[in-house]
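Going by the order they are written in, the chains are A, B, C, D, E, F, G, H, I and J; count residues from 1 in each one.
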């Protein structure tokens, strides 16, 4: 579902930051919806992610039961498998549940 | 009472931050309730803490008489014994009592 | 449990505001703790509430299962029965549960 | 699905404010998810809404295609039919779509 | 180009606020682009404006030469002709040109 | 102890505001020190309060056990007896004790 | 020098606000430059002021010696003579000179 | 010392605000310097105050021992005698002395 | 279209920062307009960019379909080809589309 | 035109910061006035700049046509030639023209 387009400027290291404040999934323990903000920062190699396909890809989690830690790692893995970026960081900050807020940060370097 | 789930991404060092602003216990000197915010930052190894069980675990202190310093160290010890994380920091900030505010920071490294 | 002291200045209408940000009780549906801030504003008649006894009175709710709306009304009723104030307002703001925050405001006039 | 509990203090007009910042539904034109914050302010008569059932009721819109204006009016109608409150206001503020943000405010008086 | 949908709740006066911070047109004197924020506030009668069509309608001004005052009045007139609302206000705030900022506010009442 | 000087402009109603953020006294229940800010607003008649004597007068409360409500009313009474002002308001805001903050507001009109 | 264009919507009272933060003139006493912000608010009748000509008109004061009070009144008079507006207010706020800041506000009603 | 210039626009009521944040005088009790901000707001009749002369007039208080209340009233009286304005307000806010801040507000109407 | 003028101070490394908050282009996937802020920071060598020509050059993108990443890199390349600067950074921050915001940062060093 | 006075403390490196928010000159392309803020930070050697002469020197640019980059460098050069400071930085921030803001920063080190 994720689509790419060719990085036309591969001779240059440059930074792409993408902020997605409308991420939602479902808690695998309680079946209740979770809400969070995902922030990607990556240096592309041969490919860039197309943003509309990223939006649709993230919407796939809308009704899926999954832990915060697994969301963050799996999305990073999917993005890395898709793009083979030179580097990528993903920070996912979730709203409070039972008075507790969680932020997960994962990082990939070639 | 604390439960874990398997870290599915142990090949990667990544950071989990958990903020609990609704911690309460009882002062062992005066019998009066104390209130504080606990902030955990850890890099998991084989296990992650399940958040609902963490919430219930922290609620056990609700009617327990215990000093700030002991709260912070004992919770870190329980979490370390449970998770064997690669590293963990716990910061506990308590609201004023007699016009005095206290913050305790403890750290564990493998 | 609530104690009073004599209002030495009954010939004058004046305003007493008391803010209690460390209120906690238990949700009667889920058994989970709730947290909120109570704000009293009253004009005393013959009596004022003694603050340490107010603190102890509010601590009685610590392990009691009770809805927000009932907390707010019952505390107002207790205070009115105790003090027969010329007027009293109580606002209770509770922290989010399941992503939902609630504030209840009740008012008494002689 | 919405549940109520008896208003134990019907002799008194008082205000209940409920803020729900995690509302989500689906745009009936584009099939894309929408996100918004609902704020209820009501004076109960014989009944109060139970908050966990309100959370579950609002989650029913998660995968439903509906215009902002219809969401806001329909939810107000459902709440009024359920509670027969003395008065109720509902404000729904939605995040930008195509660079455009919308807020709908509806009001009911007995 | 502007589309409507039926107001399903005409028995009730309610307020719709729409904020469009990405309006752009062209100055008829200099041929240079102008930028502004349009804010609509209206009470619908039988019809509501469909937001995607509003977005496309506003984009028609993208390459059109027109004074601020005429933009604001003409858009209000188009919206009033389309919707016959019970009332409508439109405020248009434009970014500085030659060190001068302009805001135009127009209002319609049935 | 409080001193005055003649109001040289009695033909005119004018407002004097005096803010004293360093007030301290002792709680008559616990023997613990209390801290607060006193704000006077008055329209003088024949006399104005001399500020250095006000400072010394307020310092008399430093080791005195007295309730917040009595502090505020007694100081207002002393100032009114001294100055016979055309009107005077005194607001006293005290820092949290046992997690509870209190503000008392008293007013005098000729 | 000031130019106008026809108000195409004279059947409607509407508000035009124009903010000019880059006004500069010269002090007639000291020969030193003055700097200020002019804010116009007017309801047009048959004519609107063209903004580029307003900019050039205001630049005429750049090297002119004139008191703040006269600047503000004279510009209002020129605008009123030009536009015959239904109403107009002009506020001129000048930056400190010798540690003293001045704001002049003048108003015209038909 | 205070100078005036003719109000060229006496047919119109308009407002002049002058802010002087660098006022300083001497305390008549302690001999220590006082610092404050004076804010004038007046509607001129036949005369306006020239600002440089106002600056020099205010500097006369630099080494003069005088109470806050007297400063404010005397300066208002001098300005009223000079200008015969249609109305004038003067607010003087002084910095803390011995932990106490004072603001005096006086008003004149024809 | 881009014009330059001679850097009269080439013996010195100095920084020129240019902020363009009114950039707009068209999304090549959806045909919808995009909006963003471009920030240039460069150290000139023999040439500086003339700002009016930069404004006109950026306006060429107004109706052009192009990805964010390509906008940012292409503009940097055009500026580098034009100016041969000693270094240049370009940051482009775009407003949300489908709830997702993007910032691209590219850098050139001689 | 620029005047100096002797630095009486040359044995010490110390920092002088001078902020001039009322700089104005004329654009050499359009003939329109420009406005900006100049900030000097320098460590004096044998001489300091006299501030009134700096004000008069900067006023010379009031009606002069000159690019931002040349303004900033030329003023730095004049100041360096005058003072031979141990170091000096000059930052010039200009208000938007055509929606574009520019800041130039130049630096001198002995």
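By definition in this document, a residue touches a chain if its C-beta (ideal position, glycine included) is under 8 Å from a C-beta of that chain, and two chains touch if they have at least 3 such contacts.
It should be emphasised that the depicted structure is a prediction, and the values quoted were computed from it without experimental measurement.
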Listed by label, which chains are in contact with chain C and with chain E?
D
So which pair out of F-H, E-I or B-F basically repeats C-F, with more than half the contacts the same?
F-H
Quick check: more C-beta contact pairs in D-E or E-I?
D-E
Express in whole angstrom the distance between the two chain centres, defined as the mean CA positions of chain B and chain J.
55
If you average the CA atoms of chain C and of chain D, how far apart do the two points sit, in angstrom?
28
So what's the Cα centroid distance for chain A and chain E, whole Å?
36
Per the C-alpha means, the centres of chain A and chain H lie apart by a whole-Å value of 62
Multi-chain contact residues (two or more partners), chain B:
21-22, 32, 35, 95
So the complete set of touching chain pairs is A-B, A-C, A-D, A-I, B-C, B-F, C-D, C-F, D-E, D-I, E-G, E-I, E-J, F-H, G-H, G-J, I-J
Tell me, which parts of chain I touch chain A in their complex?
29-30, 67-70, 72-73, 77, 97-108
Within the complex, which stretch of chain B touches chain A?
5, 7-9, 12, 14-22, 44, 48, 50-52, 54-55
Per the contact definition, I'd like the list of chain A residues that touch chain C in the complex.
32, 35, 95-99
Touching chain J in the complex, chain G uses residues 21-22, 24, 32-33, 35, 59, 62-63, 95
